[in-house]
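The structure's right below; bear with me while I get my questions together.
We call the chains A, B, C and D, going by the order they appear; numbering starts again at 1 in every chain.
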């Protein structure tokens, strides 16, 4: 079940998605054996309080979140978490965020070489912060700039987390590839809104939030497939995966690996379930490895 | 419950969405009293066979469809359906489609003045045809061109059906407004894909399809809200409405009316249910008309 | 006329081989439904769309029965339902089988789950004064539906474990006046080859079951598509372009 | 230690006033849970996310009880469940109430549904040798929970239809050694004003209940937010920024 996912050799294809697994230390009943990798909660240089409540609201087969990248800042991350990551037998990538290309670069430079940090996932697609975030993600030039700024400051593997809020994801994907990305994570959440009929205002304090969960899966499979067709670097599929079959849809559609996010909230063992289910599917299909999985990937 | 919706005075705020109500003659148990208007299935100048099966697949709280605008063409529409529309006590708008701005204009010219045709909804957002469709919808210049082409050929009210597959819907909305649209329908379906793990290929013969249903509602509310903030013409909210509460979210978010689509498939009486539920909500809230409904609509 | 009945489960799932039979209290449908027509079931909580099921049997007390196998979300929910639980039944829908007394006799040919419309077909055939030969096939004897009515029964199994060794189509005796068939599309294609005028009930994905969504496209020999839920699900065998019609259901039958 | 138990409904919903009480077979949780902690329930078919419920009572046979009112999707499903139906119970979660024998006595103050954590609180308080005064308020007598334990009970109703005419907070006798409270945030704010050191159990939307999603943010007087599911749901009353904490649940109580 080992896979090559953007500069990293992972023992398994299932990765914990950023923001849905904390810093890897919170999830109860964690079954480490099944983890291909963990992407940490998104981090900024400085500490951030995050958005006021309500921060989440459930929707049909999905949820909106506007956490606002609450976090302790990079120094606390290095002090409190990296040492533990260094002892684990799977890689941890840091999901990095900034308000300018330079800030992304600085973050990468500060974390480069810190024991426990195996690579970076550049979040150019967070819908829940006023500055930065998604703005970089839906402009090819800006996305390339941020990618290049990080590339200049580190030799570690870089994944770029793409936003679905674009008219052609292939253009952004190619821009990040040429700017030096080792892999692409597709996709982040879709911007959504829910109205409270008691107050006649949005339910979320931030007004809008990012939609995740099974509701977006068919959209995520399509976008990950579009990205995979457009580039040569590995694409990591993410969006609405709950079961092994869901994950296999992304893999068949051309992804090298997958990330599981929201599903972990309802089932802390989701990642192990998906991992074991993929193994069982390969066995039942008489495939000796993921490399033998038939792919549907007409090239652009 | 009467509303002004883009050049038309409707007796109620609930409209049948294009492609989910046929030509108004098919739905069983139809309760006419509750219909504000009907938007016909999308039509081209010439007959179209549509896509081969499978054309639909169910997804979590949603469905993908790739019907491919099957239809009899404009002449058969005029012969077989318009005469019946002319007898109804609510307006029918024709959802028009083309492969060039001229084709849209020609269609409008041919239908202009035909008894039973109350207006047009320009579909610049169909994800399920090779040419035309969405291409016009995610380029402001192309969208404006199509709108202007139709505007030149008719005095009837024109709504433009917007695609969600854009990075900034406000830009498209303004382009259509300045080109002469009387209203905007937001939104059409999102492009999605579902993979069959028996065949290792897409489930839909067309490979991709349009996602509709409750799954997309939070995204649709956000996009309709963004459009409503950007223009002065009425915006008609559409996407995932099943209950009166769902419809009220769009109305509070700044929409003048709503369209109900996929919900009709499971419940042929959905439109009447939503209509009556809105009336009940207004009464319970002590509001004497929709005009008194508090709106959340900060202007851009 | 189509009814939407907010009704209840009237009888516990009864096992028939490895199929389940379940009844709903739906008098208005029970008295008007004809063989080959279907009902569209809405389950809450449950999937977004209704699930179409051929009407299997009707009872004098107004119960409408369906026969199914738990294969996915909807049928799993059905299998777990208790007597009295609510369900919305929309129907009767679709074009039924036609019967002509001039035929003298008729063969009802079903592969696996294709048995679903045949009980009513036998009823309506005999009402038209026809002699009914019931031909039912499955992969193996364990997967045969054992409930049948008519003047003659012929079982067929792909593995020869019971009755005729081979397909239901091959098991049909010569000289029958007409053929009605239901089963996997591969089987119906074989029916079309042998009896172009046979009436066959097809199965497609359905979005609405009422003719508005165009999701149930059936490709026609003559070109173009029409709607399994309106012009169908019953067709003249030779009118369907079988190569272009996918089969989704697991009928539990080979050819 | 947190357990995830794939278990079953052990007792039919019992009515307590207009609340329902329901039990699950969960020995591992029953023996370790402390007052103020909660379980997170997964219902299938049902909503995407789990629903957190304070543990109401525990039984010697290993049953864990919750008390609720049907207000939405999850609680409507709960109300319809039969004995033996499956449910996944995750818990015990969150920080419990603390008890100090030095207090001598304690007042358990609950508004409406805020009664949920108080049965265990009474149990643990008495185990700590404290005298328990149970103060429970609701809008009207019909909405009072009538199950109680302790040394003294004080009912309060906003409309004076039973017991003290006014809020539960106002009904608390002077001179109690400590105050534990649960109810609408408006009520807890009043508690904070009168007893800054009171322990209060708050309620927020929760995505995971286990500390990973940061969806359950509780605004702190000291600035910033922490997690109701980890650092909470029990807080020192004066530590919470009540103006900034929205209340969602319908507790059936005014102030």
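General remarks:
Definition applied: a residue touches a chain if its C-beta (ideal position, glycine included) is under 8 Å from a C-beta of that chain, and two chains touch if they have at least 3 such contacts.
All values reported here derive from a predicted model rather than from experimental measurement.
In summary, no chain was found to touch both subunit A and subunit D.
Traced through touching neighbours, the fewest hops from subunit A to subunit C number 2. More inter-chain C-beta contacts link the pair B-C than the other of C-D and B-C. Centre-to-centre separation of subunit A and subunit B, using mean CA positions: 33 Å. Between subunit C and subunit D the centroid-to-centroid distance comes to 53 Å (mean Cα coordinates, whole Å). If you average the Cα atoms of subunit B and of subunit C, the two centres end up 36 Å apart.
The distance from the centre of subunit B to the centre of subunit D, each centre being the mean of the chain's C-alpha atoms, comes to 46 Å.
The multi-chain contact residues of subunit D, meaning those touching 2 or more other chains, do not exist; every residue touches at most one other chain.
Among the residues of subunit A, those touching two or more other chains are numbered 61-62, 213-214.
Taken as a graph of touching chains, this assembly is arranged as a ring, one closed cycle with exactly two partners per chain.
Taken pair by pair, the chains that touch are A-B, A-D, B-C, C-D. Interface residues of subunit D, counted against subunit A in their complex, comprise 2, 4, 42, 47-50, 88, 90, 204-205, 207-208, 210-219, 223-225, 230, 244-246, 248. Subunit A makes touch with subunit B in their complex at residues 59-62, 64, 138, 165-167, 190-195, 197, 200-202, 208-209, 211, 213-219, 221-222, 225, 240, 245, 248-249, 252-253, 281, 293-296.
Only residues 19-22, 26-29, 41, 49-58, 61-63, 65, 67, 70, 213-214, 262, 264-269 of subunit A touch subunit D when the two sit together in their complex.
Of all the residues in subunit D, the ones that touch subunit C in their complex are 45-46, 77, 82.
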